[in-house]
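The structures considered in this document are given below.
Next, two complexes with chain A in common: one pairs it with chain B, the other with chain C.
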Partner chain A sequence: MTATPAAGPDICLTGLSKHYGPFKALDNVHLTVAPGEFLTLLGPSGSGKSTLLMALAGFVEPTRGDITVGGRSVVALAPEKRDFGVVFQGYALFPHMSVADNVGYPLKIRRLPKPEIAARVKEALALVQLDHLAKRNPKQLSGGQQQRVALARALVFSPEILLLDEPMGALDKKLRGDLQMELRQLHRKLGRTFVNVTHDQEEAMAMSDRIAIMRAGRIEQVGAPRDLYDMPETRFVADFLGKSNFLEGRVRQADAEIAVVETADGMIRHAQRGLVLRAGDDALLALRPQKIGLGGDGADNELPAVVETAIFLGTHAEITARTGSGLVLGINLAIDRAEALPDEGTGVTLTFGAASTTAVRDD
Partner chain B sequence: MQSRRSPGFWLLITLVWIVVGFLLAPMFITVPISLTPTRFVSMPDGEYSLRHYETVFTGDAWLGPLGDSAMVGIGATLIATFVGGAAAIGLWRIGGRAARIIGVLALMPMIVPPIVTALALSRAWVTLGLFDTVIGVILSHAILGMPFVFMTTSAALEGLDPRIVEAARSLGAGPFRVVRDVIVPNVRAGLVTGGLFAFMISWDEIIVTLFVSSRSVFTLPRKIWSDIRDNLDPAVAAVSTLMIVATLVAATLYLARDLLRARTGATR
Partner chain C sequence: MPSPADQTASGSGAPLAHRLGRLDPYWWLVAPLLIVTIGLFLVPLFNILLLSVTDPEPGLQNYERLATASAPMRVFMTTLRICAVTTVIAIVLGYCVAYAMAHLEGLHQRLLLVAVLIPLWVSVLVRAFSWLVLLRDQGPVNDWLIGAGLIDEPLKLVRNELGVVIGMVHYLIPYAVLPIYAVMRGLDNRLLFASRSLGASPATTFFRVYLPLTLPGVFAAMVIVFVFGLGFYVTPAVLGGGRVVMLAESVSVAILQTVRWGYGAAQSVVLLVLTLILIGIMGRTVGLKRGFG
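Our next item is the complex of A and B:
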């Protein structure tokens, strides 16, 4: 999982809940984070991901449930006793201190001798490539530089666990990409546990060993990015992590390999995996836009449709097409050859394999 | 970049100076009066003397009240700054509607007419045995000065990211250490400004002082007030002149420091 052998404690959340009156910010959350793992809490705003991180950091007192680190409960521990590095939204650098003093502050509190503080500050700033800006004031730094100072400050006292609350939130897209790579490399180099919060699915996919998708105070699904993308368990996950088309229907017949689902647009053959469909069940099939082709012979499924929009985007084309029943499907078409884009308003046949659909739970 | 000023501009400038002169001129009448050689209040008639300054600086008649005022002022400033600053910081941390309501309460001593405060404190201090004690007067003045510290500190906190408190705690600082290391350094300007306000309010406070003290605590405004009632001694003018000079010196130093800072800031 990481280059450096993973050491340190694991984090265990059991039945964690936080209620604000009738509102459940966290609702019976169970989660285990392995030592050295890079875990991202991903969800829309209000899904409880920041509350969960702040509960870990000690700033939100859970209504119920327990948090253990290395087997020991930390719920009763004040934030300053937990020894976690935290990178806050907006970085929260101390405006009255220089960059070096900001980074040295946790060491000063731990009463390290001055020469050692200076040496470790230098080391931490070198780690984020900011050693030349040690004497600057935080206000004189760009957003990306401030983010790195916050990172150095959270890492300088060698915490075993680093918590990141939307660390890229305030940065522009290009910079975000660069910093994602850096953060990932830093994680590999240090071999510490990182718990990251974001609403940006690309960021989550790019950096994490595992992603926990949150919704309405609960964890919807946890897994490696690839597994979550290929095998979403619910409609929410299928739609939140990448785009999906959804086909609704009833299972007509099913065996161990193939289920045939009757939809408003005809029968759809679905290769069984994950959630098992039985004859008579209501079924919801998720279908990624890039799994749909136009025309071609021998496909398991064919759906006649009319092209509504067709947009050329360089690497691919985005097409929307309406089926006979009025269902609008999104299609991502790779354009590798000088393939002609269908005109808007023309009839096409949408094709996809039986293994392209994923059965998900509706919610 | 020179632009021609319109006649309206010059008219405005002239008017401004007339108003300023009108407001400030009476203040400076005390300067010649303080230099009169006579024993009664009069304009000096070609002859000048420093005898009234001598009166101020010798004996207890004026040095006593000056000392009392300084002691009360410093004590009241310290208490007002501590309480007002702590209240502002605490409410900033709590936030929300409760904090806003309590914030209005903290401003009450400034809103309530001084005579009401004076009456209330006078009764309370008699009951508590604080009437006509230095502590009693200091507490009274601290109550009057506290809202100003509260206001200036609250204003300074407005621009501060509340997350720096959580950041400091995550780095290992306990709640009190956070106040000392992170909050106070960032609101120092607000605390100092509020403290100066509190000191100035104490320094020329007379209404409440009259109600909570009689003989043993005798502040400078009280001495001036009773002197003017009993006998018109030009020493009052000398004290006034000294206060004007002190104010001018302080203001000049402050402006000079600001200018210097702007200059060095510009060259950096």
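Our next item is the complex of A and C:
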């Protein structure tokens, strides 16, 4: 990867809280964003991710805690003094200005000479491939084009940090995919810090170096997309980022490598990693639908079940099966293994390896 | 809608029934008002037009008089001047009130809204005489100013143009506030956030983003206030003390005192045409729709 070497300040949030009366929109948030990183705040609506971004931008005054950028506290700084580029939800383009005037606005405010403004506006619009639409009114542009204008406007004054509040929120799915790739490439090219907010886990996975999953004003877990997916620490993360089945039980015996968990459907062998299980603990195991197979020999775990639904979806097949205890598990079968889909109502044996389960905290 | 079969079956009565059937029945709800408006407003208005070119004898002499004599020109200029001054003051004050209203929340906002609306329910006559009492030489305002040692002689606050302007501004401020407020309420706050995030101070944000985007409301308010002002009668008559004669009062003098109906009618026509032209110009240049929408 030919990324521009990351330079610029790091962002540090320590003990950041924002209370609205008894409601805690942000509750003791600690987070560090490295220079040049693409970090996404991911969470359901009301989880505080937008509040966190707006606190960074300077529009929400934290009740407690500190935000430092390059070691300097910015909490007391007005938004216009922070020099962050912000792309707002809905883009917030000025309707009374042309595209070029929108992009030139931050430069005009900074009293740059006119020729330089013109040159930099042109450059910024070229960066988002919109130089041919400079004279248009924002209302005449499509959603995707408006998003790019907002991006150009937020980048034209070369801020070291770019904040994006649901930048893809108003776009349709196809366009979203294209723009995600573009935004990611833009990030690589510029080497600046991007902090993005979204509720779309695919978007978060596609673009981010790291994802911070938020819930009820707190950060539940931070990590690279792959790590979060493979090693969720809580039930919430395992369920929010991709789908998971959950097996509850009590640890019967455990050593450094294997824990045996007694569930309503029998003993399950679980390879220890992440959260360590000890004998006697209550255990909650997360199991991804694609880690379950039908039949086969020599699997660590076998669960008898009855197929409830079996749906062929082209790239894969989705099956739901009910175990003896009444637990319904979702199974994704890769298509080469699903040539013969089991009929609904037939009995099958669900198999999965001891390394397929992840022990998570319940919450 | 009758089907083609119905039409052929119902014979000679069909064409009328067909035409009425096409008319949306909701029109019947406004029909009485339409009839009254046509009978009691449009027809007499046409009569006034007619009167202005027929009384005392057929011809354009009434208009000739208006165009050549000095008194009507003076009335005309007084009217425009007072309306212009009133409009500027009412818009500036109204913008401030609307801004406060758009940014207050909950109970405070409702209180302010009621405070703006209540004067609309008080008779214009009552208000004019109240101002007369308040502003006259021995009135509370002058008493207080003298008592406080700020002035020695009572200020001439009433029975002049100042009094008329004070009374008219008071009457017209709600008409300035409401259209401006409507536009302010519809403004997306994120635009202001965006401006701040791009480096603009609150003041710069106001002048470069907020003000330009609320101008349609300002223009709409200007049209309403100015046009209303043109037709003012009671306020100038009471607060002007006979010394400040505006168009409406001049018409009244011609009709009631000098009994030159044709001359009065001609002045009315001029006022009407002037008003329509102003609405036309302003509507075209600033896009009234945006302000009212």
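Everything that follows uses one rule, which is that the second predicted complex is superposed on the first by the 359 of 363 C-alpha atoms of A that agree within 3 Å, B and C clash if a C-alpha of one lies under 4 Å from a C-alpha of the other, contacts with A are read in each partner's own complex, and residues count from 1 in each chain.
Methods note: a contact is a pair of C-beta atoms (placed from the backbone, for glycine too) under 8 Å apart; a residue touches a chain by one contact, two chains touch by 3 or more.
Remember, it's a predicted structure, so these values are computed and weren't measured experimentally.
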{"item": "Fit or clash - chain C, chain B, common chain A", "value": "clash"}
{"item": "Partner chain in contact with A:Leu141 - chain B first, chain C second, else both or neither", "value": "neither"}
{"item": "Partner chain in contact with A:Leu247 - chain B first, chain C second, else both or neither", "value": "neither"}
{"item": "Partner chain in contact with A:Ile109 - chain B first, chain C second, else both or neither", "value": "both"}
{"item": "Chain B versus chain C as contact partner of A:Asp83, first or second or both or neither", "value": "both"}
{"item": "Touched partner set for A:Arg153, first chain B, second chain C, both or neither", "value": "both"}
{"item": "Shared contact residues on chain A - chain B and chain C", "value": "57-59, 78-80, 82-86, 88-90, 92-96, 105-106, 109-110, 153-154, 157"}
{"item": "Residue ranges of chain A in contact with chain B within the complex", "value": "57-59, 78-80, 82-86, 88-90, 92-96, 105-106, 109-110, 150, 153-154, 157"}
{"item": "Residues on chain B engaged by chain A in the complex (per definition of touch)", "value": "160-161, 163-164, 166-174, 177, 181-182, 185-186"}
{"item": "Parts of chain C lying in touch with chain A, wherever the complex brings them together", "value": "188, 190-191, 193-201, 204, 208-209, 212-213"}
{"item": "Chain A residues touching chain C - in the complex, by the definition given at the top", "value": "57-59, 78-80, 82-86, 88-90, 92-96, 105-106, 109-110, 153-154, 157"}
